[in-house]
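What follows is a set of structures for review.
Note that chain A is present in both complexes that follow, paired respectively with chain B and with chain C.
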Partner chain A sequence: MSLALPVYRFRLEPYLEFAKKAFAREATYRFEVFTNVGSLILRIYLMRMVWLALYAQNAAPQGIALHQILTYTVIALLMSLILEVDGTRMIREKLREGTIATDFMKPISPALYFFSDGLGQTLLHGILIVPSLLVALLMVHIDVPPPAALAAFAVSFVLGYLVNFMLNFCMNCVAFWTLESFAVQLIVRWCSDLLSGQIIPLLFFPGILQQIVLALPFAAIYSTPLLIYIGKIPPGGYVEALLVQVGWLLVFAAAGTVIWRAAQRRLVVQGG
Partner chain B sequence: MAERLAIWGDVYRQYWRINVLTALEYRANFLVWFGFTFIYHATALIALWIILQEFPSMNGWNFPQMAFLYSLWMLAHSINNTLFLTVGDVPEHVREGEFDRVFVRPLNALFQIITTPQQIFPDELILALSLFVLATIWSGVTVDWWFVVFIPLIVMGGALIDFAINLVIATCSFWFVRVDALRWIAFQLEQEFTRYPISIYTKGVRLVLTFLLPFAFMNYFPATFFLDKAEDALHLSPFVGLATPLVGLVCFVLAYWFWIIGLNKYQGVGH
Partner chain C sequence: MPIIETRNLRKVFRSVKRYPGLGGAVRSLFTREYVDKAAVEDVTLAMEPGELVGYIGPNGAGKSTTIKMLTGILVPTSGEIHVAGLVPHEKRKENARNIGVVFGQRSQLYWDLPLQESFELLRAIYAVPRDRYRANLARFSEILALDEFMETPVRQLSLGQRMRGDFAAAMLHDPQIVYLDEPTIGLDVVAKEAIREFIAQINEERGTTVILTTHDLADVERLCNRIILIDDGRVVFDGGIERLRNEYGTHRTLVVTLAENCESFDFPHTELVEREGNLVHLKFDRRRITAEQLIRAVTERCTISDVSIVEPELEDIIRRIYLEGYQHQAQAPAPSS
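On to the complex of A and B.
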């Protein structure tokens, strides 16, 4: 493969097609879809029992009432249906099989191709939120915040999605150097689940730990949208909270660009 | 008979030699996976610790006691993962048509399955042992003769429960091509529902975890016995906690019997 990458005129249609293809492909794994929803329901039950037991014998800590924590947990689990999709894992798979070389020869931007593929996958998993929400409503009462908070939550969720997407993208690009990056990625995933507030609100972390986790980029993924949703970030704090998320997004986008450029060079060198 | 046992022993020794050699060959890989195992259990424990900073107890269990509960499960689970992990590959072997080779070799089928070389190293077991020692000291469990005699038996019984359930699920693949959903649900019940005392669940779930998928015998019942707690989930005698080895044996015998039925069925239809 030569260093001269093909020059082409940018058109949007191919990428829409890629997204549609990814959507259709994911839809064929009906079974996986079913397990996803099933395990989500089990987890909603589990977390509901855990919080009920904790709140039964103790006062509400950090001013978070039982109905707020249950809402937090269910919304976090529904968000995870979308956020746990690793949109660019194809990079890792294609690297192992070596087929990524042909993607670089096509008259498209490989990075955009992987992004649109990820988008298609996300859309399919996004649809799953509907049945999951309906089942969740049978099990738990979920608070609905005022429209302003709901709107801020939506914006914040999109930003969190993008931060998460770029983080995964960077991790998948690690495979250009190590080839076996799956375990590293799982490690980051487990840490991220804990540090992003997906499992427990970051406000429950004690003392100095709380300040640290709130300052880490992981907080931009789950914690910020969720705290807006349950009202722990008041309307006066929206702008600041959203700006911090935008800041992290820019950091990861910049990192992603640098890594991708280096990866491209590296691939060319490896491929001879 | 003695000759037969000698052959089994020899095969088993060779199997572990290959495992350890492979692990040594791919050292970087091994280190990364070890890091993964460590982080997996560490995040679970840290989450429990954080919750129990804000709330002094969960149904009367404090953090050191919950850590003891977790370590008891982890010990049994890691023994199962170290010795019997490959049972989980049976559905894939069946699907890919690779299972038939088991029948042409002159060794017990299940023994062949659990001696399929993999990159297994007892790293999780070592972690589990360390956590168990720490949690025992922390939670102030009295280490007496009961403890010394029963803990090893209970841990082995717990591993057998884990193994038996995995074996039943694997055997289902002789009838159904896909058993992943079943496996997933059992996996989640085992990994996540055993983290908390089962008294927090509704009655139905407590009964399932005691009688249908008896994960509660891996850690909840023994832990209530050794921590001198009242068993307030099903109001049974605390001595139920000592029944784990027996429950493990019964589960294994039933699972093995089901496995034999599955094997006969598989051969019967002439695959």
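On to the complex of A and C.
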């Protein structure tokens, strides 16, 4: 009997399908989706109260006016609809349940599978931005920047998304060694919440501390796109700001590749 | 030409040494000592296309480790391995196209999706042509009665339904080889029978090579014409079920129905195991005394109305091999080819 040797070549179809299924899967958790929007609206409302109270005492710290800080806050929270999705948390879950081996028994690249799944989840959560934005507009006035800033913001947001995605991917892969990486995840999440500029603009940090937090990779996630949006990074600074983000993306992509290779090696040597 | 072939396959795992007690737990946080343990010591086997082989052994014998090496997700420490002409761990994805896998304990279906959508996903993964996909799904639905829960999310399926779904999922891309790791675990008799029927049909209709790992020897008796028995990471028996019975099932039981009362049953190489009214169970060593000799000896002493001979259960034979170890057997069997 002669055996025809199948030749493996890359096909996009499975990955598109993974993204579609992830989208459909997230959509089945309707309650979670709606509470997500609900809690976001609540957070916008509360943050508005906080800033109104603070600004009543102290006018425009760091040259950020009230309308700017409110815009910053709302846009940050809308971004969080996408950025708080940990698209590759499935890696952790599969390692804990011991089901990751079955993904390696299929003719696919498991890493690309996890990425496409994450992308599908992102798209579903991305859609939620529209209704959330509409409700937010009823409560707060949001500045709309000139088209150039808007375009730069869009590019910067995508870069920030990718940096965040790769950072999460690296964290999730730690579970290949520890089985449980929730503690690591939690620490990184806390740092990231505070140091990424999601809650307060990094420009509010004093002196040397501000220099430090702006130089950290977390700033590439929220701070850069947001500062572009509210005009605190002027058009002349776009190229530099975006290049720094690209730099961080390359760093995390490289780290992700190294960690993933090591994780695969560990899996095939030590078992799943 | 064998479709699956391994030669002196060996896999050693390195694990962290544990220390006893609370102090030990603290100590193991800071110091690391490793212990090497061979999960698979030395496995040489060959399977022809279309064979349906039971791969059995006690827990921790190295069955799953062997299967993982055959699927290519585990790299052997030493030895050779070829599956359908490929070295699995060097060509993981190519190998994956040739194989189907079912784990009784873990599902490969997508938990949150209806069964139907899991199948569609698998169609995309394996690039199954549409008409082939439809034909396969129709056939599997027929044997496994999938229609009634095709639209149900996998997490809501009963274990029996889920396993049926898992079997269809593993076979959608017409694999040449399927590895079944305890596929009937936890199933009720009806579901077990449905699964066995499916395995038998697929093997017969498509000539699929099947390796079946199980603790339920009824699966093996029903399906397999060959058994590979593994213990402590080594093959201890490889051959037909009949040969296993002949070589290891040395004791049979003669059941005698007495016509009149009779008291003395001390026959040579024979043991009285049970007596219930006029029903007497005599266990005899068939290497030392034939059934015919024993029946004659019994009839000389007692008046009987009926006799029957009970073959040893496969389960008893295997239990004996596990307990006594293969080396203590009368003649160590040479692996058959």
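Rule of thumb we're sticking to: the second predicted complex is superposed on the first by the 264 of 272 C-alpha atoms of A that agree within 3 Å, B and C clash if a C-alpha of one lies under 4 Å from a C-alpha of the other, contacts with A are read in each partner's own complex, and residues count from 1 in each chain.
Just so it is clear, a residue touches a chain if its C-beta (ideal position, glycine included) is under 8 Å from a C-beta of that chain, and two chains touch if they have at least 3 such contacts.
Please read these numbers as outputs of a predicted model, since none were measured by experiment.
Trainee: Using the superposition on chain A, tell me whether chain B and chain C clash or fit.
Mentor: Superposition check on chain A shows chain B and chain C fit without a clash.
Trainee: How many degrees, to the nearest 10, separate the directions from chain A's C-alpha centre towards those of chain B and chain C?
Mentor: In the superposed model, the angle at chain A is 90 degrees.
Trainee: Thinking of the overlay built on chain A, is A:K106 touched by chain B (first), by chain C (second), by both, or by neither?
Mentor: A:K106: touches chain C, not chain B.
Trainee: Just chain B (first), just chain C (second), both, or neither: which does A:Q62 touch?
Mentor: A:Q62 sits against chain B, while chain C stays out of touch.
Trainee: Just how close are chain B and chain C at their nearest CA atoms in the overlay, in Å?
Mentor: 7
Trainee: Once the complexes are superposed, what residues of chain A are shared between the chain B interface and the chain C interface?
Mentor: Common to the two interfaces on chain A: nothing.
Trainee: Show me the residue ranges of chain C that touch chain A in the complex, using the header's touch definition.
Mentor: 1, 3, 13-14, 49, 65, 68, 71-75, 84-86, 89, 91-94, 96-99, 101, 103, 106-108, 110, 112-113, 117, 120-121, 124-127, 153
Trainee: Per the contact definition, I'd like the list of chain B residues that touch chain A in the complex.
Mentor: Listed in rising order, the residues are 28-29, 32-33, 35-36, 39-40, 43, 46-47, 50-51, 53-59, 178, 180-181, 184-185, 188-189, 192-193, 196, 200-202, 205.
Trainee: If we count contacts the way the header does, which residues on chain A are in touch with chain B in the complex?
Mentor: 31, 34-35, 38-39, 42-43, 45-46, 49-50, 52-55, 57-58, 61-62, 180, 183-184, 186-187, 190-191, 193-194, 199-200, 204-206
Trainee: Quick one: which bits of chain A touch chain C in the complex? Just the residue numbers, please.
Mentor: 1, 3, 5-8, 11, 13-14, 16-18, 21, 24-25, 28, 97-99, 101-102, 104-109, 267-272
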